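The letters A, B, C and D name the chains in turn, as written, and every chain counts its residues from 1.
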Amino acid sequence: MELYQGSLEVKEIFGRWLDEQAASNYGAYVPFVGIIRAEDGIEALSFDIYEPILKKWFDEWQARAMERGAIVKMAHAVGDVPIHTSSYVSAVFSPKRRVALELIEEFVEDFKANAPIWKYDVKNGKRIYAEDRSTPMDGAGLLA
Amino acid sequence: MELYQGSLEVKEIFGRWLDEQAASNYGAYVPFVGIIRAEDGIEALSFDIYEPILKKWFDEWQARAMERGAIVKMAHAVGDVPIHTSSYVSAVFSPKRRVALELIEEFVEDFKANAPIWKYDVKNGKRIYAEDRSTPMDGAGLLA
Amino acid sequence: MITVEFLGPINKAPIEMEADTLADVSARLKEDTELTQWLEKCAVAINDSMVSDLSVLLKEGDRISILPPVCGG
Amino acid sequence: MITVEFLGPINKAPIEMEADTLADVSARLKEDTELTQWLEKCAVAINDSMVSDLSVLLKEGDRISILPPVCGG
């Protein structure tokens, strides 16, 4: 798991992950690259991350992937990420394509629902919590 | 659609596709990279491609992707591809992640079933048709 | 004494309090009207482990994190 | 006169023949015992368009392609 201040160097990350696994004999490598879209007049999105819980979430996913003979990778931006640049890259390596295609979908969807990351629109230099696009985590409401 | 003699330059292809779409305002880029696994003592896999029908298959997929606001990309090797190198890279770009994750799966699965490409194991320099891993195309048996 | 910290957009300084269970924490936090709308949407962790049971016993020095709705990627 | 070509691993030179429909082509190809095991697994294209109907009428110069089981990627 890798966290970076600002936009991700997508090509460097993609290539390095490929090289790291060059001798691992995986048959499928499926990355997911998230890019900030220009919409609603935003200049950038901005992210807060709570790293200790993100790390646990990721380590649990790594264990789950390994049970299926696969591995997962993840990189995310912290702070401001201008439009048309990348905030998020994840990936699955697996021996076979079916597992890779299934895992990347499950991994990315669970990431959206349960990774402790908070998103803000940046407009006129101001950070506005993206409340309408945010999802309560599993178990939310315990103290209400 | 891109065909290359021998192994694919995966990083070049990944980076070029990313750059080509840098201003297109897509929010998700999901490549699928197929890598030749070392198994059953093979040195390489080798591929024959019938390009005119592959091109039609690809163009139909491009039209289908565009109906969902997305685009597809594809590169494949012709001839011998040594183990631990790549024979196949495809990708989906789409505004949103759901469409990208669904399309990459459908695209890769239909590719395996219906792209006019024939695979051979290469052992001791000899090409052996991978009959047991091959799938009759839709409509097979018409002349039987 | 335990500490309650508020993550992401809640934008509130940590609070220290005496509490035997999460139910005690809940009661204290609900006194703050600014927090009540957050609580129904927030998940909870103790010492960085997510929890789903109000009756869990707290011990001296425990750190409770309040996690509002997320949107990574 | 039409041409029948064999793609990929079938490894057979193209055949020219007179044929009005794909049914005629089928009858002719089945005379070759080497081909019968291929035919049940092969798809067919006319002038690079996949076809699924034996009764389609052929015209002078048509090119029929026989496509054995595939495995790209």
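Simple rule for what comes next: a residue touches a chain if its C-beta (ideal position, glycine included) is under 8 Å from a C-beta of that chain, and two chains touch if they have at least 3 such contacts.
In this text the structure is predicted, and so the values were computed from the model without any measurement.
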{"item": "Count of contact steps on the shortest path from chain B to chain C", "value": "2"}
Connectivity without chain B (remaining chains kept where they are): A, C | D
{"item": "Whole-Å separation of chain centres (CA-atom averages), chain C against chain D", "value": "71"}
{"item": "Centre-to-centre distance between chain D and chain B (centres being mean Cα positions), rounded to whole Å", "value": "25"}
{"item": "Chain A and chain D, separation of their C-alpha mean positions in angstrom", "value": "49"}
{"item": "In chain C, residues with contacts to at least two other chains", "value": "73"}
{"item": "Where chain B touches two or more other chains, by residue", "value": "34, 97, 108, 112"}
{"item": "Chain pairs in mutual contact under the definition given at the outset", "value": "A-B, A-C, B-D"}
{"item": "Of all residues in chain C, those that touch chain A in their complex", "value": "7-9, 22, 25-26, 29-30, 36, 39-45, 48-52, 54, 65-73"}
{"item": "Complex contacts: residues of chain B adjacent to chain D", "value": "34, 47-50, 52-53, 56, 76, 87-88, 108, 111-120, 129-131, 133-144"}
{"item": "Contacting residues of chain A [partner chain B, same complex]", "value": "10-11, 14-15, 18, 22-23, 25-39, 84, 95, 97, 100-101, 104-105, 108-109, 112"}
